[in-house]
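Both of the next two complexes hold subunit A, though its partner changes from subunit B to subunit C.
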Partner chain A sequence: MRDKLAIGLAAAASALLANNLYQMFMVLPDEALQGAIYRILFFHAPAAMVGMIGYFVALTFSVLYLSSKNFLYDSLAASIVEVSLVFSLVNIVTGSIWARIIWGIWWTWDYRLTSALVCILIFFGYLVMRRAIDEPTQRARLSSALCIFGCVDVVIVWKSIEWFRNQHPGPVLDFRTGGGKMDPAYSHVFWLNFLAILLMGVALVLIRTRQEATAREIDSLRRLAHTAA
Partner chain B sequence: MDARNFTFMFYGFLAAWLIVMLYVIVLARRGARLKKELDAVKKIASHPEQHADRR
Partner chain C sequence: MKTVKHALLIARKDLALELRTKESLNAAGAFAIVILLLFSFAFDPDSEMVKEIGGGLLWLVFAFAGALVFNRSFARELPNDCLDTLLASPLSPASLLTGKALANFLMLLAMELISIVIFGIFFNVNWTHRFGELSLVFALGTWGISMLGAVFGALTVNLRLRELMLPIIIYPLLIPLLIAAIELTKLLLSNQAPTPSDFLWAKILVVFDLVFTALAIMLADTILVN
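Up next, the complex of A and B:
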């Protein structure tokens, strides 16, 4: 059932992405100031948003693990963090390529970029730490704590463009500015692409969660075999 | 400027898809390894006495 759902979501995401790519290249004109490269933002910003949503869903599961000690929540949090990290990487790499043309530099240590990099490092550390700890209870407890800590940085990443003066552009999306900063035609394709990337993320999380369940089954069978022998 | 602009847009799209595709490959390989491991452990769990001798 879960496999079918993952395949269905991936197929829906692919169809939507194909439609969005057509819209981006064949329907929307180049942006007046940025030229063709502004199209990177249709992936750059939605990838960041899907990553951030993922970290907060993982935070919820981490808190649920700490309150219930149910390992299912820990597995869900770990799966979601891993997939979110992939989208955060997409965000930072595409942003850097966009910056090279628009700013003339690959990178600058402003609040937005630095906090996004710190976020990636924290959650990469989360995954490395999980591999380093064998004892499941200790691993789950420390992972949950690190996830909660990491989400503080996610809030800083999100709000940094409002709190500080940055090289990074300020908010342009309607729900943050009240409207008027983005052409409705661009905004329409932007949200469609956000939906496509979100669907892709959910499909990847479903696959990753199944793998976590298999790993748990292997662990319990090993213990069973060890006890029987 | 325009040609360079277009080239870098291509790099951006390529980078985004490469990262996602690499992750999908990692997921697929991990899935195959886990399936193999599960089959092996199931075999051991169904006949623990045979495998205890080997240990």
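Up next, the complex of A and C:
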């Protein structure tokens, strides 16, 4: 059932993505100030949003694991962090390409860029720590604690961005500005692409969760065989 | 009240052990001096630039040397199953964690005091004109580092490659605190008047300390009890 859902979601994401690419490259005109490169922002911002949503969903599953000790929640949290990390990397790489064209530099130590990088490093640490622990209960318990600490830290880093002057462009999406900053034609494709990336993320999480559960099962069978021997 | 009493007991035990062996303090102090010496080769140590980058330099020294203290904090309880004994005792995990953080805090403050004296001599910087405010910034920054150090020292104590895992995990988490502490130290070393954004950095320090202390106490059972 879960496999069929993952395939269905992946198919829907692919179809939506194909439509969005057609819209982006064949229908929408170049932006007046940025030219053709603005199209990368249709991937840059949704990837950041899906990644950030993912970290907080992982936080929820980590709390659920700690309260219920159900390994499914741990697998979900680990899978979501992995997939979110990929999207955060997409965000950083696409942002760097855009910055090279518009600002003339690949990177600047602006607070928002720095916090995106900090976020990646925190959750990279989470994945490294998971690999360093063999015992599943200990792994789930400690990585849940780290996920909670990591997400709280991300909020503090994120707030510091809003408090201080930065080089990153200000918000343009309607829900941040109250409307009027983005052309509706662009905004429509933007949200469709957000949906496509979100669906792709959910499909990847479902596949990765199954792999995690299988790996844990194999590991427990290996332990059982080791104990019997 | 009982938790505070137990935490003080743990801190006293750790400090007594440390004063007897001096293993963490000697290592952290020597490490701090070596880093300060190495930094003197990276730029002209007599220039005005020292006041600009002094805050960053000092807090990097504190954070790097701190990792040595945190690694030892729980690892010293591993021989003879001392950690299991402490957990089996009537002490609550929260008091154990807070006590360890308090001991780390005092050890780091001692190391920081030595470091700033040496920094003043090596780099010809007068750090005494706003010593009261500087002490407050050091205390707030060090408490945050110590609390997270105790949490992640406990979290990684039984892991493979413990010494490697701790810095990988702790440094990204410390970034907001380090940025705030660096900005405030820079301001105090250069003896400038504070701007409204400097008060925001001070608020970040306080919020960071409060939030992570509360979180550490809440999750102490999860972190320590298997």
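We take it that the second predicted complex is superposed on the first by the 217 of 229 C-alpha atoms of A that agree within 3 Å, B and C clash if a C-alpha of one lies under 4 Å from a C-alpha of the other, contacts with A are read in each partner's own complex, and residues count from 1 in each chain.
The definition used in the following text is that contacts are C-beta pairs under 8 Å (C-beta built on N, C-alpha and C of every residue); 3 or more make two chains touch, one makes a residue touch a chain.
Keep in mind the model is a prediction, meaning the values are calculated, not measured.
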**OP:** Would you check which partner chain A:M129 touches, where first means subunit B only, second means subunit C only, and both and neither mean what they say?
**Re:** second
Subject >> Partner chain(s) touched by A:V86 [first = subunit B, second = subunit C, both, neither] >> reply: first
Original post:
Now for A:A15: first (subunit B), second (subunit C), both, or neither, which partner does it touch?
Top reply: neither
**OP:** Scan A:L221 for contacts with subunit B and subunit C and give back first, second, both or neither.
**Re:** first
**OP:** Report the partner of subunit A that touches more of its residues: subunit B or subunit C.
**Re:** B
Original post:
When the two structures are overlaid on chain A, which partner does A:V157 contact: first (subunit B), second (subunit C), both, or neither?
Top reply: second
Original post:
Where does A:A145 make contact in the superposed view: on subunit B (first), on subunit C (second), on both, or on neither?
Top reply: second
**OP:** Return first, second, both or neither, reflecting whether A:L5 touches subunit B, subunit C, both chains, or no partner chain.
**Re:** neither
Original post:
Which parts of subunit A are in contact with subunit B and also with subunit C?
Top reply: none
**OP:** Would you tell me which residues of subunit A are touching subunit B in their complex?
**Re:** 34-37, 39-40, 43-44, 47, 83, 86, 89-90, 93-94, 97-98, 100-101, 200, 204, 207-208, 210-211, 214-215, 217-218, 221-222, 224-225, 228-229
Subject >> Contact footprint of subunit A on subunit C as seen in their complex >> reply: 148, 151, 155-156, 158-161, 165, 168-169, 171-173, 175-176, 179, 197, 200, 204, 207-208, 211-212, 215, 219, 222-223, 226
**OP:** Please name which positions on subunit B make contact with subunit A in the complex.
**Re:** 1-2, 4-6, 8-9, 11-13, 15-16, 19-20, 23-24, 27, 30-31, 34-35, 37-38, 41-42, 44-45, 48-49, 51-52, 55
**OP:** Under the touch definition given earlier, write down the residues of subunit A that touch subunit C in their complex.
**Re:** 66, 114, 118, 121-122, 124-125, 128-129, 132-133, 137-138, 141-142, 144-146, 148-150, 152-153, 156-157, 160, 163-164
